[in-house]
Structure formats: structure tokens, C-alpha cells
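Every chain is named by a letter (A, B, C and D) in the order it is written, and numbering of its residues begins at 1.
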Amino acid sequence: MSAEALQIETVKAQIEAAVPGCLLEMVTNPSVCAQHSLVVAAKDAVAVAEFLRTADGLKFDFCSNVTGVDWPAKETVAKVKVKKLVDGVETEVEETQKTVTPGYLEAVYHLFSMELKHGPLVLRQRTAGHEVGAEVASLTPVWKSAELQEREIFDLFGVVFTGHPDLRRLLMWDEFVDHPMRRDYVDPDDYEYEPTAHDEILRRAREHAAAAQEAGR
Amino acid sequence: MTRAVAVDQMFVTLNHALVAYVPAVWRPLASAVLGVVTVMVVFLTLFALTVLLERKGLGRMQNRYGPNRVGPWGILQPVADGIKAIIKEDVVPQSADHAVHFLAPVLIVVAAFLNYAVIPVGRGMALTDLNAGVLFFFAISSMVELGVFMAGWASRSKYSLFGAMRAIAQMISYEVPMLLAATATVMVAGTLSTTRIVEMQATYTGQIPHWFVLTPWGFTGFCLFMVAATAESNRSPFDLPEGESEIVAGYFIEYSGFKFALFFIGEYLGMMATSAMAITLFLGGWSAPLACLQWFPTWGWFFVKLVALLCGFIWMRGTLPRLRMDQLMNFSWKFLLPMTLVNLVATGLWRFLPVGWERWLICGALVVVPYALLGRSINWQGRKVAVRRYRYAE
Amino acid sequence: MLGRGIVEGMLETARNFLGSYVSRERLTTVQYPEERLAHIENARSFPFLVYDGADWQAGMRCVSCQICEKECPPKCIYIEKSVDKKPDAVGRPQNYPKVFNIDVSVCMSCQICVEVCPFDAIKMDVEYELGAHDRFGGLLLDKQRLSKSNEYYHRIHPTEAAAVDAALAEERAKMQAKQQAAAAAAAAKAAAPVAATPSAAIPSAPATEGKA
Amino acid sequence: MSSAMHPAMDMAAERGMQLSPAGESGVQLLEVSMGPQHPSTHGVFRMDVVLDGEKVVKLKPVFGYLHRNHEKIAEKETYLGNMPYTDRLDYICSLTNNWAYALAVEKLAGIEVPERAEYLRVITAELTRLQNHALLIGFLMQDMGASGTPLMYAFREREKIQDLFEALTGSRMMSNYMRFGGCRVDAPAGWLAEVGKMVASFPQFLDEFEALLTGNEILMARTQEVGVVTRERAVNAGLTGPMLRASGVNYDIRKVDGYGIYNRFPFRVPLGEHGDTYDRYMIRVLEMRESVKILEQALKEIPDGPIQDPKTKPRNFRPKVGEAYGRIESPKGELGFYLISDGTGTPYRYRVRPPSLINLTLLEEMCLGHNVADIVVILGSVDIVLGEVDR
């Protein structure tokens, strides 16, 4: 693989030159494989994608993998020493500071080039908020392969892809309300459980069975 | 009367003996009833055996045993199947047309049985010897189409409607080449009576019988007839009306229990009837294949030939995938039909050319050359098919 | 010419048809209840608990460390630890499982429990003819139904069992040597005059007893 | 009948199928639901098909009947505990699934794999490819109505391969064999010789199989020019595996990435020219012949040695924070695993890139204008396993 040859910084520079005014941010990946990624803003996503697909030397004509990631709001508690005036004397006081990083949802695209046989280039889009229905731009017009996978992200994460030709649920049934891959997803209580012999689920299954019997009588 | 003739004619003798107990006025009727009952019993038994043969034969072709658990070597399997079919619940869809839904399988079985009226099973062993026996056969066998369409329509299911539509289109298309293939024999024999046709073939030159299949036009006619018969009885590779991988089970998708079994019986009886007709028209009916083999009873030869043809059906089913509707139609109208017409010409020439090797050469060339040409240019959806060669990267 | 491929195909099926009467290669059915495939040594179905000796309760190798319970991907193992202790396979005093259940209807035969077990106490069985009428209880195997002897283990997985036995024997020998050394040390200490700090000798005494 | 009158048409319209009341020929269109319980949808797959006579006017695949949220389960499971779950994705090829997951974790944590383990991986993966392709062709013929004969021959060979898998991994299908940094157990004594025997006999089976099928006029008529995918569409829709190569794109991840030790094997990549169903069938046959060559070489070269990286312990495995995308050429196409680690023992995000699902992207395009009978043939040639499509 010519991943080493393909420096992410140069790709970033190329994109910035080709798509003026686009917001790009590099995310370094600390793991060994060092597949770094580029975060692209939703407004520029289609232009950037089109450039990546067609530009000479890049030719990312194959969008292999599209997936969502849920990053919920994070609360970090840090103890900081702050100098304060206490009773007129400047003393060092330890204080806990709460910082809340707002949550967001992410769509991750893994791009390869079938013509030049290089890759992966990881492209990310982030939603502004963490709520269901947060929007990013659909890249299906650029790569048809994103169609089913973006539908899957919409289904499982609740990310809305603007510009997607056929945005419906993919795996869950149409009447289903929640988005099960979200971190804040809570199992509903009324599944048809396949009970194991011990745990909570068996208890609930028995309750359900009893209730059903009661109702039937 | 020699012993061989006695064995050969034993059913006829038995019939006469039994009928003798009935008052003279009723004798023709009693004879007919006796014959009908015998034919029904014999061919239903043969149906059971064919199903077993098919399942075991397919199994062997597929490296497995086939049914071998019910009775010794599984020979009671048809009995078990029958019991299962009878005791199964008979489900009729709520929206189905109940009367028609019920009548369809009955009609199919009745039509299939009527075919046997003109089949000479042995010397002097045809139920009726109609002057227009061949015509009767083809008239009756198209009744099956009515039953099939009734079944598909009455079930009110999209899949069964598909199956019925396909069946109608297919069976009507293939009736034409089938009839034309049979016409060749009628042209030479000069009669429509099945008994007469067989008798004409039951003479020998030295050891060789005068079967029509042993002439160029007869062989071609036989092959064309068998192909059309396969399609006519909805057997693989022409089993589109069932098409179980596409339209699930076609026209009998909404049938269960014994009605389903009736369709099954009807299909197999139809297959056996067309095979019997092929034997009558081309394979010398009940006559022995060699003059020295005439000691074997004639009805024996008939059933040997019948089972051999059935094995051919089974063999094809075990090997071939299914055609598609448009290809099926193309095959019928653009290949089979021209071939049967050419064959009619060859038959006519054969009839009027003087006996000798020239007539073989001319008639042979007349069927082989069009076969090669038509086979080459056969149109599968506007293009030719061919085995391809592939390239490799690096 | 049209029909060549079809004829070739039909010859192929005919070859298989005739071949099925002469060669086992072309008649591959194994008629199951009467015939069975040869037992493959590495085969696995569901886990069982190994015990040494004749008594399944005394010889049980499991010390209810509950690692398998934690690691089991479908969470089909349920263990309750005993309060008291008994010597394990190598002679250390250990807990034993008061309850050890495996819900075989949930188990997916991945043998991760076997891999993670540090005591060689749980192994994979080859028994596959399991059936029950009761959906919840019938396939919930308890400690007694799970226990199978070491001889059985040797019968179904001879190579693996031999390796396990060798490792256990080595560990047992090490353990005994250690115990003997400890006993000798204790004896030496006890024999020595009480001039040394008595407080050091006293706590060591019950410990030695416990180990013995 | 206007669409306002008929409730079924309203329902269809709601599901995104704008039905015109009449087709080209002026005949009323027929909406047929093929599946989820249909003999040739290879499981519980459904297609909403709109037909004009027998011609397909519209086709919408409906997924999810076998959905079990594999990825959510994986986020609650340890890295090791996910390995047996990968077996159940594409249950025909559990060993390649294992490899793809192991490869992704190895990329994530930077683990080296010993030589012998790499060879064992290649051998098992290529055996998997043999059985998958043989089986697929069998099922394709079954969809074409061939009474199961080719399928039974394929199963006969697959049975031999599964016996080998059982002898190696302990299980015929759910192998759970590979580990991060190696394989779980070494090959038992005599196993490699058994594989050698099997591999030596395989070309004969292929010859018989081809005699039965390749030249068959009915098969050619049914498959040639059916379900054509052009080169450009195939690349844009992200098709991978034999599907892609049948359209003439030279892209085999074994060659491109050279993962494992594949760059040691000089195998060839067959390419199709027409991109139709017949090409897809033939590419698989030819790939099997190449796999046999790879196997022969691997069996000759396999060295002795350890099979597991000693530094990696499967239990309490905690890779450092980061993410990795690892992919292999599974028999069905590019099988990728995308993992995000947050430093704990369970993956923060675990994603499977299912080749079966993505190869279905073009299903409607391939089927439009063809017959009902062609739908099942085209679907069969895509090679899907619902365990992977729906996850």
C-alpha cells in the first residue's frame, strides 16, 4: 500500500488550493497504523469529495467504507490550582473545573483509489449538535457506494444526510422510533425476549408472559 | 395358440372371460368399465413408481441415496407420500374462488386420464380404437391448459397468476410443434388411428423393425416431439410454470394436501401419456425392437419403452437449468416450428422418393443442414451465446 | 452445434449416477443414526467441567475464579462461589463452585472459556446429541451434568489431555516441593529455641496447617 | 385505477415507489413482494418488485430481517469476545471474517504475526474461498432451476473442506480460529498432508463442474448479457470482489494491499469483459483455479515455528487510543473492520464493512428491464449472505 507515499498534509494542501475557503481540519490518529483523517465541513463536503474523486494524483474513485460514530457530550473534571485573593492574601487554592465538551455525531468515509491503488484517506464530517436529526451533507451523489451505508447511519444514529436521494431506514423497520447505535439508546422493555436461564431478562420475560396470560384470560 | 401368444393376450382373454358373466346387453359397457379401471390402477401404480424412480435417480445423480427409509430400499415411499397428502390440512385462501379452486385439480387429472383411451398398450389392448385417435389425444391433452389456468386464476395470488399465464403461453406454443411433429407420422401412415399406426410399424425386415424412428424424418420427428412433450408436460428444463426458484411454485402455490397431490398426479400422468404417444407414433408402440424378441409379451415391451422414456425425462431434469420465458418462446417459434416444417418436407420426399440410399442421403441432409443452421443462428434475445475466453491482469 | 453443452452435461450426471454404485466418492451420504463420521480429535461442541479421581465433587478442578463467566461472549455461564475451601487439582486450598450452570441453548461453542481458564478445569465436549422438551430448564446444565471425568477427557481429546496432565503434574510436583520446604522450614522454626521472636512464628503455623 | 383509489398503491408510494397506474404497454402494473420467504433470496431478503408483465419496472430491496445489531453487541464485548461473533457475519466464510477482524486489531495495536501463522491464515482463507465460490455457483444454478445437482456437487467438495476445518479449528463453520498476533492452535499432525490431498483433487472437481455447466447452452442463454454492470458504475458503486473484477476492474486487495504474506504468491487475477452474470460465474471458477495454485505453494513453503505472537495476550487486551481500518479480500469482496479504541478492553466503535450489502447497491440498476426470472439469477450472482447484509 502506498499510504506512506500519500502524505495527508499534502492532500490537505491540495484540497485547500482547489476548493477555496473550505474548512479542513486534520485529526491525527495516535495508533500504529497512523491513518490520519481530515474533517470537512458539511458545506464543502460535496465539493471536496468531487475534487478527491477526480483530481489527478488522488483519484479516490472508490469510497469503501462509510460509518457513523457517536461522541456524546463529555464532562471532564480537572483540578486546577488557581491563585486567588482570600481575605486579602493571595493564596493558591485548588479548585475543580468542569468543562463540558459538546457531543456530536460523525460520519467517517474511507476512500481508496482503484486506479492508482492507494489509500485509505479518511474523511470525516461532524454534525453541529448531538440530537437526532443533526445534519451533514450526503456524498452519495459523488460515490454511489455511500447510498446504503448513509441510509444505515441515518437508521442507526439518526444523522440526516442532506442531498441523499432515498433516505429511509435500512435495517430497522419503518415504524421503529429510536436509533439503536447511539450511546444514549435505551433498550425498550417489550421485545420478544429470548430469555437466558438466569438474568434480568428471564424475570422480565416471565412478567410479560404472566401479563399476556392475564390479558388473554 | 402358442404359449407366448397366450401370455401376450392374457389380459384380453381375462377380460373376455370376466365379461362373459354379464348379460349380453351390458357386455360392451362392462368391458369398457373393466378396461378403464385397469388403466387407472396400472397408470396410478406406474405414477407411484415413477415418483420413486425420479427421486432415487435424482439422488444417485447427486451423489446421495434418495428415499431409502420406508420399506425395503424405500419402495414404500410413495405410499407414505400419499398418506401424508391425504391427512394434510387442505388450506384454501379466503379470497380464492372456491368452486373453481376445487375443480381445477380434478379437471387436470380427468383430462390426463382421458388421454389413455387411445393408447394401444399391447396387441389388441387399446381401450377404444378411434379412427381419429391421434386427433382425440391432442384435443384432450389441451384440456390440461384449462385446468392449469383455472388453478392459477382461482387462487388469487400473484405468483399463481404468473404461473398460469406462463403455462398457457408455453403449452399453446409447444402444442404447435408437437402436433406438426406427429403429422409426419400421420402423413406416412395415412391414418389417424393409433392402433393402425402401431400395426404398420410392427413388421420386420430381417431382424430390423419398421419403426418410424429408424428413418431420418422419424428420428427428427421423435426428437422434436419429445422436446415439445417435455415443455407440454412442464418438465425441466421447461418447468417455468412451476419455476420454484422464481415464482415459488407457480399455479399450484395455493394448493395443499390432496389437491396438491392431484396436480402432481396430473403432471406425471400427462408426462406418461405424451411419452406413450411418442412410443405409439415413432417407437413402434408395443412391437419388439428385434424380430427375435417377439416372444416377450407386447404389453411388456410397451412398458419397457415407457419407463425408458421416463428415465430420459428424469435424466434431463437432473442436469439442466431452466430456460427463461422469452427464450422459451423463441425456441418454440424460431427453432422447433421451422424444424418441424422442414421435417414435414423431408417426410413428403421420403414418401415419394424411390427406396434406396439416395433417399436416406437426401432426407438426412434435409434435416441435418437446417438443424445446424438454425442451431447456429438461434436467437437468444437478439444475440448469440458462446463460451468466452478470459484475460488475466499481469 | 446446438446441444453440445447439454449433452456434455448429461454425460457428467450419468457418470455420477453410475459412479454412485461403484465408488464411495460419488455417494457421500452418511446414513446418520446407523453410520457416523469418524470422531475428529479437535472437534468441539459445548463445555464441560473436568474432575480428577472418582468423586466428581471432591475432584472438581474448577476453583470458581469466575474468569470464564466474565469472558464468555454470550454470557451463558453462571457461577456462585463457595464460602469454604477445598484443595484443588494441584493441592492449593481454593474455593469451589457452589453453583455452576451453563445455558447450552445460549452457548455458541466458541471455547473462549477454555482458553481463559487458568486451571484447565473447563474443556470442550464432543457430545452433540442434546435435546430437551423444556426450553428453559432442559438445556440449562448444572454442575453435576457438566462434570465429566479426566478419563473421559482423555478419551475424547487424547493429545490435549496428555499435555494438560503433564502440566498439572509438573505444577503439583512444584507445589509439593514448596509445601515440603515450607513444612521443613516450619519444623525447623518450631524446633529452634524460642529465643527468636515468637510473634513471627505464631502466624506462620496456621498458614502451614492450612496448606497441608 | 388511480393511485388514490388503491390502498396498496398508496402504501407503495409511501415507501418511495411512485407507481404509475399503467406501464409502457398500457397494462396495469403488478407489485410483487419477493421475499422475505422466497426460495431463492438466499435467506430473509426481500425485494419489492413492480412488474409490467414479466418485465421489471422498479425494484426496491428491503433489508433488516436478520438484523441483530452486531455492531452494538460488539461495543459491549471484549476484543477477544468479538472474535466468535465475526464467525456469524458471513457464515460461509468464517475464517476470512476472523482474519479481517484480527488484521484490523493488529493494525490498531501494531502486532506482528509469526511466519507460520501467516501461512496457516493463507491456507485457511484460500480453502474458504474455494468452498464459498463452489457453493455460490451451486446456488446460482439452483436459482436457475437446476434441481440441485450442481449444488450437491459443490456441497460434496465443501464437506471435505469443512472436515479439514473441523480437524484444525474444532468447528465446521464457526471456527473462531484466528487471534490477534497469530492463530489459536497449530495444525494437528498430518493435517497439512490432508489439505495437500484435498487440493490435489480439487482441479478434477472443477473440470467436472465446468463440463456440467460452462458450455451449457441454457446456462449461457440465461446468464450472458444479463445484469450488466459497466466498469464505471462498478467502481462508483463500490462493488468489490469477483463482482468488480467481472466488470473488468483489476482490483484484488490481495494484490493491492498485499496483506499477510500474499505478495509472496504469484497468482493471477482473472478479469471479465462484459460485466454480466456469466462473467461473474466464470471469474469465480477461474479464481478457484488460482486459489488452488496459492494453496499448493503455501503448503510447500510453510515453515515450522510459533503460531502466536508471545507479546500479545488475548485476555485483558487493551489497545492504545486510536483507530484503524483493516480490510481483506474476502471471497465476497472487500471485508473491512473499522475499530476505534478508547483505551479500554472493549472497542469504542466497531464497524463491519459488509461486501454483501454494498454489492447490492446496484441491484435495481442490474435488474431493470429484465425478467422476473433474471432477478433471482442476478441476485444469485451477487453472492450475498444475509448474516452479513443485515448484521
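In this section, contacts are C-beta pairs under 8 Å (C-beta built on N, C-alpha and C of every residue); 3 or more make two chains touch, one makes a residue touch a chain.
None of these values were measured; they are calculated from a predicted model.
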Can you name the chain that lies farthest from chain A, using the mean of each chain's Cα atoms as its centre? B
Which chain pair is joined by more contacting C-beta pairs, A-D or C-D? A-D
Nearest chain to the global Cα centroid? D
Chain centre separation in whole Å, for chain D relative to chain C (CA means): 35
Would you mind pulling out the distance in Å between where the CA atoms of chain A average out and where those of chain D do? 26
Roughly how far is chain B from chain D, centre to centre by C-alpha average, rounded to an integer in Å? 43
Where the centres are mean C-alpha positions, what is the separation of chain A from chain B, in Å? 65
Which chain A residues touch at least two other chains? none
By residue number and range, which residues of chain B touch two or more other chains? 61-64, 318-320
At least two partner chains per residue is the criterion; list those residues in chain D. 149, 153, 156, 212, 214-220
Interfacial residue positions of chain A with respect to chain D in the complex: 1, 29-33, 35, 61-65, 67, 69-70, 108, 110, 114, 117, 120, 122, 143-149, 156, 166, 168-174, 180-181, 185
Show me the residue ranges of chain C that touch chain B in the complex, using the header's touch definition. 1-3, 6, 9-10, 12-14, 16-17, 20-21, 26-29, 31
If we count contacts the way the header does, which residues on chain D are in touch with chain B in the complex? 30, 32, 38-40, 54, 141-149, 152-153, 156, 212, 214-222, 224-225, 250, 252, 255, 268-274, 278-279, 282-283, 286, 371-376
What part of chain D is in contact with chain C in the complex they form? 77-78, 80-85, 87-88, 149, 153, 156, 159, 163, 166-171, 174, 176, 184-185, 188, 208, 211-220, 314-315
List of chain B residues in touch with chain D within their complex: 58, 61-64, 158-159, 162, 236-237, 239-240, 243-248, 317-327, 380-381, 383, 385-388, 390-394
